[in-house]
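Lettered A, B, C and D in written order, each chain numbered from 1.
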Amino acid sequence: MSDVRPVQMSSPVLTVRQVDAYHAITVVAPGIAERFRSGQFIAVAVGGEHSAMLTRRVFAIHEVKPDYGGTVEFLFAVRGRGTAWLAERRSRDLLDVIGPLGRPFPLPRDPVNCVLVGGGSGSAPLFPLAHALRRRGCRVDFVLGGATASRVFSALTARRIAESATFTTDDGSLGTRGRVTDVLARVIDEACSDVVYACGPMPMLREVTAMAMRYGIPVQVSVEETMACGTGICMSCVVPVVGEDGITRMARACVDGPVFRGERVRFDDVGTVPFDALGAPGWKARGGEDRAREAG
Amino acid sequence: MSDVRPVQMSSPVLTVRQVDAYHAITVVAPGIAERFRSGQFIAVAVGGEHSAMLTRRVFAIHEVKPDYGGTVEFLFAVRGRGTAWLAERRSRDLLDVIGPLGRPFPLPRDPVNCVLVGGGSGSAPLFPLAHALRRRGCRVDFVLGGATASRVFSALTARRIAESATFTTDDGSLGTRGRVTDVLARVIDEACSDVVYACGPMPMLREVTAMAMRYGIPVQVSVEETMACGTGICMSCVVPVVGEDGITRMARACVDGPVFRGERVRFDDVGTVPFDALGAPGWKARGGEDRAREAG
Amino acid sequence: MIPDLRVRLGEWELANPVMTAAGCAGSGRELARFCDISRIGAVVTKSVTVEPRAGRPAPRIAETPSGVLSAVGLQGPGIDVFLQRDLPWLLSRGARAAVSVAGGGVDEYALLARRLSEAPGVTMIEVNLSSPDPARGGRHFAADAAAAARVVAAVREAARADIPVFAKLPADVADLVGLAGECVAAGADGLAMINTVRGMVVDVDTRRPAVAGGMGGLSGPAIRPIAVACVYQVHAALPEVPIVGMGGVRTGADVMEFLLAGASAVAVGSALFHDPSACLRVLRELERELVDRGVERVDALIGAAHHTAGAPGAAAE
Amino acid sequence: MIPDLRVRLGEWELANPVMTAAGCAGSGRELARFCDISRIGAVVTKSVTVEPRAGRPAPRIAETPSGVLSAVGLQGPGIDVFLQRDLPWLLSRGARAAVSVAGGGVDEYALLARRLSEAPGVTMIEVNLSSPDPARGGRHFAADAAAAARVVAAVREAARADIPVFAKLPADVADLVGLAGECVAAGADGLAMINTVRGMVVDVDTRRPAVAGGMGGLSGPAIRPIAVACVYQVHAALPEVPIVGMGGVRTGADVMEFLLAGASAVAVGSALFHDPSACLRVLRELERELVDRGVERVDALIGAAHHTAGAPGAAAE
């Protein structure tokens, strides 16, 4: 659990915009803006006071600004009921927002070369990260992918703030036809990258992690697992993650993550409880008193 | 069931106003406006597409106008979740509206003297009725009651369109302190009323009916029973009503009413199934084949 | 591509899998003002009784989150008037009439089946087993699998052989799969599930239960997960038995959900209170969903969730 | 006037009737970031097991209309870590700690009760009877009143005498009143109800059940009418037995509804996923509702719906 205490607030909507295939909502949320560190997200209640939609929708924070005491912007694609409702909001509506949530991206102490890899709307948290890295004197290179050009996130902004920006699309409508991992090796080579940061779907994160490990450079991934509360109480967003002690635990993406060291996430076992995870069926036989004491 | 076929439509909100303690919404609904006869109502879906509120809210039609092909106005007080949601609508929002529903007020053939008695928001349907009666050359007198002045419905309009308008309030803030039945006898006497029309809570309708019967003049009442669909399919809005054959049936206020002849409504048995109602427990002993054939 | 919407429930073929649920479509006339009832897979009537019934006192209904709680008490005109007035009207409009029956004892159920078999045009008899059994202190027939089976057997025997008999089951019984099995063994050609779930709302202003008599039946989208679980479970145990799934169907996607769980058709119930044109809207939505997914025949969905999924696990935490 | 919110559950007095529901408040720490847990009537922990448990695979949760379907599978650190880390933390924050326990057999339940009795500060033990019983093919203990009673008796015997033991019951059993009676006879000082209701969601895109393993437990406002009916029914049969009511509590009015039906306190469960500050908001709303109605003591509401109402009638149509 992050040591920054999140706040829950009723935030007025400042603007609702459409950006390519995405909607962008900016809310006035000083308490969230001031606490924010890149990689963190917000959890939004949807559907109004007597909503039939009980679970919160989570979105990476794309940008914070000091206006009006502090604003927070998030970008989203309409997928289901909740995002459809959000897309209909207008300025001055109130949104019940909780944030900032989750473990932020750890930032390097030294001015190293960082490559930021994102897929679709999963790229959103990379933008505040890029700014934070630049402020520390890091070199930033972007590799962004999407199904089509309109699904590649903020290509222009990426070009503006990064040393280089490489794009891939499934249909070739922007940049290279293919996946981000098809171009990542070249970018790492050219940019002499020291660190990889990645956001996007699990299969992409797995491949990016594998590649970073081949290069022997650290990789921080922000995972996307279905979330219902965002605050750590529903226990729904679990991912098998290896701890410092070598023991696999079912970690909650919302409070123990969403950012993990790539090699710690057992990507091949996502959606399962690995047989050797702490407390897995039959685990006791292999475990013992000591491990039990550290469980949970 | 009325022979006018109601329509269901997605109607744009034209205006939302606040009138005293009431909200007034006007929607563009040509099909409803053109079919409307006074005493009929609409049933409105509330809460949006994935609403947790499954039942419709019903409101008397207060006014129809020819603008925009036909508009319909209804007035309401915020009571629960659904009316609270309605009060937040803005112009251009869409409302799913069904109407016109229910049996309208029967109009006299001849230009007779009519007294229209209403309580609170229950008075709404009396206004289009007053206009229809005036068009037939009838004399119209209003008796309107409410808890306080702000709860008496459209006092000004009543004064304008009627020969006389008498008001009662519980707190004496407008007109006579007391109930409509305290002044009704005087109005009937002075106006030489031939017919009574009444809308409002059941206890009021019962007393008005009793008074009309003492005067030996016909009385038409519009009853208010909890409704869930407004279209006759849920069977929830039943009131014990005596048929032409002298048999009591559990009549649906939404399709068999809401307007009934006052003396036909078994006011003392509202909220029960009278022992002699068709199909009441043990009813068979008193009934027989013939009655069964007419049941339902 | 226009998807093929036809489904079979045993010997019974329907033009499409969307029906109305018993008791939620009035006599058919009320609904017909809002949608062409000849285009619905079948119209299921409210449960017909031998004698007319006045039903329960008002208030009979209360709104709950994504549901309604109701206690109507089978108000209806009785079988004579039904056969004379309501059934002919339905047939005159080109509707497929499935008739739900409720009796106060095995003999009444059998009588109803016999009377319906004499009339032309009844395409299915649905046996409402949630009617109180006077012989058992008012507990409903479905609460005892043996009592339910006796009712089903009597109806199957009394009904014309070419009229399929479906047993309508509630969810809140001790052993639903067992009950379903008994009903099939007793001759049911198919199952309809679920009826409303026992519930209560207390009005905080009057401090009394919101529907007269206290308990009511919960329906609507709120109970859909309960209904889907029931259909899934029974289909897993009795894969050959056709099921009409219901409980909270509101959209085309909901129909798909029930079919995937193992229903061969679905019924729309209290969603009709909210939207009296729901049946045809749901059909349109279903067609759209199938086209979007390239599904050519709706019956390809039936039970498909069983092919890919593991065994159902434990329920509560 | 500030209404008196104190309630008694048997010997146990609470400052107010609002608790958290087992498994819906994390370890307490997560919730404490959003509301002062010392002001909640009691914090009920997720069910503690003897050994650590990894729980079920993801996806574990799906949204349903006004509800959630979940299958977490009692993930938790086990009793050792709980006693070492979680319980002391709760107590350090001034929370009243009620501990839910779940075992794989009678002996495990007894062991848990013993361990909890040795620790200071446990104010109540809630016996989660919806845990699967390996001796009965994974059906949960509550499915068999005798098995449930054995568990309750073992816990009552093993627990310190001054710690009240509450039995937590699910709604979907054959005879809830019978089960409740057996648990009380076996020594339960009170009852907590209801646990989640068995349900399923099928994902129409993947064509698979939306939570891993298929079946899940339904909770949230959708099930509130079912929960209120259970509380009403059990309170009618066992008026002296204190009940903690839960299932869909979201507002102050919902608390009133459960109290009127016969609960002496209520627990807020999945509403916390939507609003982690729900407990204190609900308390504020409750206070407001009481003031508006001139109710001076909240305990005056307990069971009041029984004083005015008729006998509960039949459930389904």
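Everything below uses one rule, namely that a residue touches a chain if its C-beta (ideal position, glycine included) is under 8 Å from a C-beta of that chain, and two chains touch if they have at least 3 such contacts.
All values reported here derive from a predicted model rather than from experimental measurement.
Ranking every chain by how far its Cα centroid lies from the centroid of chain B, the top place goes to A. When chain pairs are compared by contacting C-beta pairs, C-D ranks highest. With centres taken as mean Cα positions, chain B sits 56 Å from chain A.
The mean-CA centres of chain B and chain D are about 46 angstrom from one another, to the nearest whole unit.
Centre-to-centre, using mean CA coordinates, chain B is 34 Å away from chain C.
Residue positions of chain A with contacts to 2 or more other chains are 50-53. Within chain D, the positions touching two or more other chains are listed as 23, 56, 65-67, 70, 72, 212, 220-221. Interface residues of chain A, counted against chain B in their complex, comprise 47-48, 50-53, 81, 85. The touching residues of chain C, counted against chain B in their complex, run 23-27, 29-31, 33-34, 46, 51-61, 63, 65-68, 70, 72, 75-78, 80-81, 84-86, 212, 220-221, 270-277. Within the complex formed with chain A, the chain C residues making contact are 65-66, 221.
By the touch rule above, chain B contacts chain C in their complex via residues 1, 5-6, 8, 45, 51-56, 96, 98, 225-226, 228-229, 231-239, 249-250, 255, 270-273, 277-281, 283-284, 287, 289, 291-296.
Touching chain C in their complex are the following residues of chain D: 22-23, 47, 56, 64-67, 69-74, 128, 130, 132, 138, 140, 170, 172-175, 195-202, 204-209, 212-218, 220-226, 228-229, 232, 248, 253, 256-257, 260-261, 289, 293, 301, 304-305, 308-317.
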